[in-house]
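Structures follow.
You will see chain A twice below: alongside chain B first, and alongside chain C after that.
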Partner chain A sequence: MDDVRMVERVVDTDARDIKFQCKDVQVFYGEKHAIKDVSVDLLDKTVTAFIGPSGCGKSTFLRCLNRMNDTIGIARVQGRMLLDGEDIYDRRVDPVQLRARVGMVFQKPNPFPKSIYDNVAYGPRIHGLARNRAELDEIVEKALRGAALWNEVKDRLGETGTGLSGGQQQRLCIARAVATAPEVLLMDEPCSALDPIATAQVEELIDELRATFSVVIVTHSMQQAARVSQKTAFFHLGNLVEYGDTDDIFTRPRDPRTESYISGRIG
Partner chain B sequence: MSPFWITIAILALAALGYLLGRSRSVRLAGGDTRALHSRPTYHGWHVALFTALPALVLLALARLLQAPGWLAPAALALGVAGLAVALSRTAPQFRARNVVEQVVRGILIVCSLIAIATTVAIVLSLVFESLRFFRMYPWQDFFFGTEWTPSFGGGSELGMLPLLWGTLYISLIALLVAVPVGLYAAIYMSEYATPRVRSVVKPAIEVLAGIPTIVYGLFALVTVGPLLRDWIAQPLGLGSSGSSVMTAGLVMGMMLIPFVSSLSDDIINAVPQSLRDGSLAMGSTHSETIRQVVLPAALPGIVGAVLLAASRAIGETMIVVLGAGAMARISPNPFEAMTTITVKIVGQLTGDNDFASPETLVAFALGLTLFVMTLGLNVLALYIVRKYREQYE
Partner chain C sequence: MTDVTSQPPRPVDPPAAPARRSLLIEDPRTRRRNAAERRFRAYGVVAIALAMGALVFLLFTIFRDGTSAFFQTYARIPIAIEAQVVDPAGNRDPAEMQKVLTMGYGKLLDNSLAAYVEANGIEIEGLDDRDLSSFFSAQARADLRNAVLANPELVGTVIEAPVMTSSRIDGMFKGRVSRESAAIDAKTSVAQYDLAMAMQERGDLQTRFNWDFVTSTDSSDNRPEAAGLGVAILGSFYMMLIVLVLSLPIGVAASIYLEEFAPKNRLTDLIEVNISNLAAVPSIVFGILGLAVFINFAGLPRSAPIVGGLVLTLMTLPTIIISTRAALKAVPPSIRDAALGVGASRMQTMFHHVLPLAMPGILTGTIIGLAQALGETAPLLLIGMVAFVTTYPSAPPEGFLDPASALPVQVFNWTQRADPAFFERASGAIIVLLVFLLAMNLLAITLRRKFERRW
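Showing the complex of A and B:
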C-alpha cells in the first residue's frame, strides 16, 4: 500500500515545474563560509523540507530565497538563484518586490500589535492589492479561511493579534503571508513554538497550501518532514548532502551521513 | 569629645569588631571553617553591624533632638555593648549570614522610605503654606484672575492665569521643537545608523543633556534672543524685545532633544526584531516598516517619553528667566516677553521676605499648582509606559 503511494508521488512531483533553480550557491557570514556549493531545484506546488542538525545552514539557505539575509550587513551570497528563470540577486531585482512574491513565516509567531484584520490587511495595503474596502474585506477573509483561522476569529477581527493563542498566532502569520498572494512560501521552523495540537493544525494547513504555492519548510523534526513534504533536502555543515523524494530520503538514503542523521546518530 | 570623633571611634570599633568576630568564629570552629554555618566574613559583619548601627542611630537622634551632651559618650558605650553581645552570640551554628542579610534588607527599606518621606514632607509643607495663603487671598481670584501685579504695600492682584499661559505657551513651543527633532534623531539612530555611527552620535546628543540649564539660558540671552529679534521679530513688526516666548521655547526645546531622543531610542530598540523581519518579509520597505509597524508598536512608550519631557519643560526656570523675561501677560504673540510660574516663584521669594504676607505665600500656592501639574503628567507617563511594557513581556 505504502509502495503504491510512493510511486504515485514520484510521478506526481516529476511533472511539476521548477520554481527555484539554485546553482553553486555560496553564503559567507563575515569570514564564515556558511553555505558551500549548494545546487538544488525547488518545485512548484510542492512542499520541500530542509532538514539537518543545528547550524547546518538550512535556515541560512532559506533566508537567501527571499533575500532576508540582505538585512544582515555581513552576509554575502554568491552563485545563482533563479526564480522562474530570473536571477533574484540580479542588480535589477528589488528585494522588496521579491519578498512580495516569496513570503515567509518565522519560527516564533510574530503578529504585529494591531488588530487581526489589520495584520492580514497589512501586505495587501502596502502593495495596493485592493481597490476598495469590500475587496480588502474579501482578501482578508480568503486569507484567514486559507489559514484555517476564519471560523475562530470572524467575530473578533478588531481584537489585537497578539491576544490569540500561540497556534492561532502562527496561523494568523500564515494568513498574513498568504494575503500578499506570494508564489513561494518559506517557513522557518513554523511549529517549533507550538504545542502538538497546534502543530497538527499547521501541518494540515501546509498540506493544503501546496495546492496554490511552492512551500519550503525548515524543520528540526524528521517526523514533520516525513509528514508534510514531498521533497527533502538534507544539509550538513553547510553542504547539501542529499536531495530527493521524501520517501527515498527516509527509507533508502544514499549518503551515509543522511542515514546516520535520520537514524539519530548525528545531530 | 565632639560627635565627629565619636563617629570615627564607633566606626573604628566596628572595624575591630569585624576582625574579632571573624577570628572568633574561626577559633570556635577549631580552624575548620566548613564546620561553621556561615562563612567567617559573615560573622565579622554581624559583629561590625551590631557595634555600629545602634550606636550611630543613637548618636544621630541625639544630634537631631539636641539632647544633653552625655548622650554622645553613651553612644560609644552602646557600641561597646553591641560588640560584646554580638561576640558572645558568635558560635559555629549561629546563622550570622541570615542575620546580616536581614539587617542589610532593613537598611535598604529605610533608604527607600527616606525618599518617600521626603516627597510627603515637601507636599505637606506646600499644602500648609498654600492653605495659609488661601486664608488671606480668595482662591477664585488666584486660579481665575488674569492680572498679576504683586506689590508688597498691599492691594496686589495675584491671578495665576498669565503665568499659566506663559508656562504652557513656552512648553508647547519647546515640545514642538524637541519632539520632532528628538524623535527623528531616535529613528535615525535606532533604525538606520550603523553601529559605528551610533556609537558616536548617541553620546554626542547626550552631551546636550549634561549642559546646565543656566548655560542654555545664557545661550538664549546672548545668541538666540537677539538673533530672533533682529531677523524675524523686527522685520515682521512683531515686537522689539530680545526676551520672548519664542526664544525661551526654542532653547528649551534644544535642551529637551536628548531627553526625547534617548528615551525614544531605547523604546524603539525594545520593539522586537521579529516584528521588523515579519514586515520586511512581506515586501514592505524599511521606511514602511518603521512607519506602520515599529512606530505604532513603540507609540505608547514614545508618548510616555514626550510627557516626561513636558513635565521637564513646565518645571524649567533658568532658561525662562534669561530667555523670556519676567513680564506676566497673556498674549498670543510669541515674540513678546512673558513669564512662567517657576520664574515668579523665584521672584516672590528673593529679597526680604515677610512670610505672613500673601505676596510671599503665593509662591507656595504656585508651587503646589506646578507640583500637581507635573505629578499628573508623570503619573500619566508612567501609566502609559507600563501598559506598553506588558505587551512584550
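Showing the complex of A and C:
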C-alpha cells in the first residue's frame, strides 16, 4: 500500500460539517434484511469509502442516499437519513428534487446514446440551470473540465457519447453528474470496468472533486479506498462494522472482522 | 500406536491415465455428437426449403392467375352516334336526352360493329345479332351514354374511342376462352370467337394495361370486366388510418403505464394475462362485438370504415401493447438509472430516453399489427362490409361514415361469383393486397434502420 500518498491526503476531518446523518437505517428487500441498524455520519467535502465483501450491503446503502432504491418495488427503508438536517424519506420529499442534490455515478459507464454535449447538458436542461445557450455551454465546459475530459473531447462534442472509450465514458458520466451542481456525489464502484490508467485518472478526479462535493464511493479495491478516501466504512453482512478515519481503519482496525477483511482472510 | 498404523501407508495407485488417442481420429462420442449436429442442420434446411417452396408456389399461382386482371381488351372501331337514336327530339337538350336509356346506346354499339364488319369485308358463318350485341361490355354502353350526355356536341358525329369488350372476348386473349369452350358456352359462340380473332388481326382489338382495375368500383355479376378495386382500396385505407390513429397512442400509453408506472399487484397481473388472451381471440369474435356494440348499440352505420376501423383497432391493440412492452423491457436499465440519477422524473426518463430507444420495436410492432388488420376479413363480414358498393366514399372525415368495401372482403366477394373472370379479378386483388403488405413491411424495416442508428 502506498502509505506515503495516503498520508499526504489525510485532512483534519473533525473540522468538517456533517452532510448526511444516518440513524438506525434498516433496508428490507421483501423478506431479506439487507441493511441492519446502520448509523453513520458522512462529512461534507470529504471522500468516504464504503468497503466490504460482495453482498454486504454497501451498494444498497449507497443507493438509499439518493432514494434510487425507490425504483425497486420490494425495497423498504426504515430509520432516519438526514441531508443537512432534513429527512430524505419524509413524505413531502420529492425524490427527483433530492437526486438533483445527490448525484450518482454507476458501476458500468452508462452515457445516454446522444452527443457528448447533450449528455452533459441534459441535467442542467431539465433542472433549468441555464438561462441561455451561452450559459449552458459554460456549464458543459466546466463540467467536462472538472471531469478531466475537456481536452479530449472539446473538438467533437457533437459525437455520440457511447463512441468514447470505457474510461472516457465513465468520466463523461462523472461530468454529467457534476453538471447538475450536486452537493453529494455517490459513486458505485466507478472504476470496476476501467483499466489501471483510466482508474488512476478517475481517482485523481475524485480527489479534486472533494474540494466542492461530499463524495461517497463504494469500492472493492482496498488500495483504492486507501488512496482516495479520508473516511472509510466497513460493511459486513448488512452491518456497519467499523467507521473511522481511513488510515485508522487500515493501520489500526479495532474490530477483528475488519482486520480479517483488509488482510484478505474474509471477503 | 499399533503396528497397522505404523506401517508406511500403502502407495495409492494413481488414477489410470487415459489412453492417449490421436487428435486426427474422431472418437465415437465426438462422432455421435457431430452426426447429431449434422442431422439437426439438415432438419433446418428441410424446414426452410419447405417454407420457401410453399411461398414460391403460392406466389406463382397468384401471379399466374392474377396478372391478367391488370390487362383488358378494348376494341377501337368507329362509333356512329346516330342523332335519331340518342336525341329523338333533335334539340340537343341534355334533359331531353336523359330519357334515352342505356339500352339505346347499346344499339349504337351494335350498329357500329355491324357496320365495321361489313366495311372490312369480314365474313363469318353464323354471326348473328346476339353475337354482335354481346361483343361489348354492358359497361361500354353506360360509358358511352355518360360521354354523350356530358358532351352533347358528339351527337351526329362518328367517334373512335376504345370500347371495352365483354369478359368472354377479353378471356379469348388471356387463355380463358378457347374456340372449343366458346362452342359450348351459352354466353359466347364460335362466330364471336372468329370475329374477335379477325379484329385482332386487323389491329382493332388491343389488350392493354388497365388502370381501371385499381381505380374503378365494383360491378354487378354480368360485367366482371368493369369491376375494380377503387372502393375497396379507399375503404381499407380509411380503416388503416383509423386503426393507426387510435391504436398507436392507446397501445403505447397503455404499455408505458403497465411497464413503468403501474403497481405490481393482482389487478395488473390480471390485466396482463387478459391482454395476452385478447391477442389470441379469434377475429370473428371481434366482429360480433363490433356488430353488437358499434352498430346495434352505438347506432353507427353498417359497412362504414369507421366501424371496421374500430373493430380492427380492438384487434390490433393487444399486438401493439405486447410488442411495445417487449421493446420497453429491452431498453437497458442502466439508461433509466442514468436518467434518474441526474434527477430526471420518471416521465422525463420515459420520454427523453426510454421511448426513443424503444421506438424501432414499437414501430415494427405497430406496422405488423396494421398489416394483420389490413388482411383481416372475418370481422368485416359481420359488420356488413361485404355489401355491394358502387360509389366511392367521400373524403374523410365524412367518408368514414360512407359505405365502403375492403380489400380482403373484395377478394372473398369475387371468389364467390360464378363468372371465371371474377376469379381472375380476385387473384389480381390479392396481388394488390400483397403489394400493400410488402410496402408496409419495407416501411417497418426502413424505420427500424433509421431509428436504430441513434444507439
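Keep this in mind: the second predicted complex is superposed on the first by the 256 of 267 C-alpha atoms of A that agree within 3 Å, B and C clash if a C-alpha of one lies under 4 Å from a C-alpha of the other, contacts with A are read in each partner's own complex, and residues count from 1 in each chain.
Simple rule for what comes next: a contact is a pair of C-beta atoms (placed from the backbone, for glycine too) under 8 Å apart; a residue touches a chain by one contact, two chains touch by 3 or more.
Keep in mind that what you see is a predicted model, and the values were worked out from it rather than measured.
*Asks:* Mind checking the superposed model to see whether chain B and chain C fit together on chain A or clash?
*Replies:* When both complexes are placed onto chain A, chain B and chain C end up clashing with one another.
*Asks:* Quick check on the superposed pair: does A:M68 touch chain B, chain C, both, or neither? Answer first, second, both or neither.
*Replies:* Both chain B and chain C are touched by A:M68.
*Asks:* Is A:K108 in contact with chain B, with chain C, with both, or with neither (first, second, both, neither)?
*Replies:* So A:K108 meets both chain B and chain C here.
*Asks:* Scan A:R80 for contacts with chain B and chain C and give back first, second, both or neither.
*Replies:* After superposition on chain A, A:R80 lies in contact with neither partner.
*Asks:* Identify which of the listed stretches of chain C (1-9, 37-45 or 109-117) has C-alpha atoms clashing with chain B after the superposition.
*Replies:* For chain C, the clashing option is 37-45.
*Asks:* Kindly list the residues of chain A that each of chain B and chain C touches, one partner per complex.
*Replies:* In the superposed arrangement, which is not itself an observed complex, chain A uses residues 66, 68, 71, 73, 96-97, 99-100, 103-104, 106, 108, 110-114, 122-123, 126-127, 162, 173, 176-177, 180 for both chain B and chain C.
*Asks:* Give the list of chain C residues in touch with chain A in this complex.
*Replies:* 263-264, 332, 334-345, 348, 352-353, 357, 454-455
*Asks:* Sort out for me which residues of chain A touch chain C in the complex.
*Replies:* Contacts found on chain A: 66, 68, 71, 73, 96-97, 99-100, 103-106, 108, 110-114, 122-123, 126-127, 162, 173, 176-177, 179-180.
*Asks:* Residue numbers of chain B touching chain A in their complex, please.
*Replies:* That would be residues 194, 272, 274-275, 277-285, 288, 292-293, 296-297, 391 of chain B.
*Asks:* Given the complex with chain B, which residues does chain A contribute to the contact?
*Replies:* 66, 68, 71, 73, 96-101, 103-104, 106, 108, 110-114, 122-123, 126-127, 162, 173, 176-177, 180
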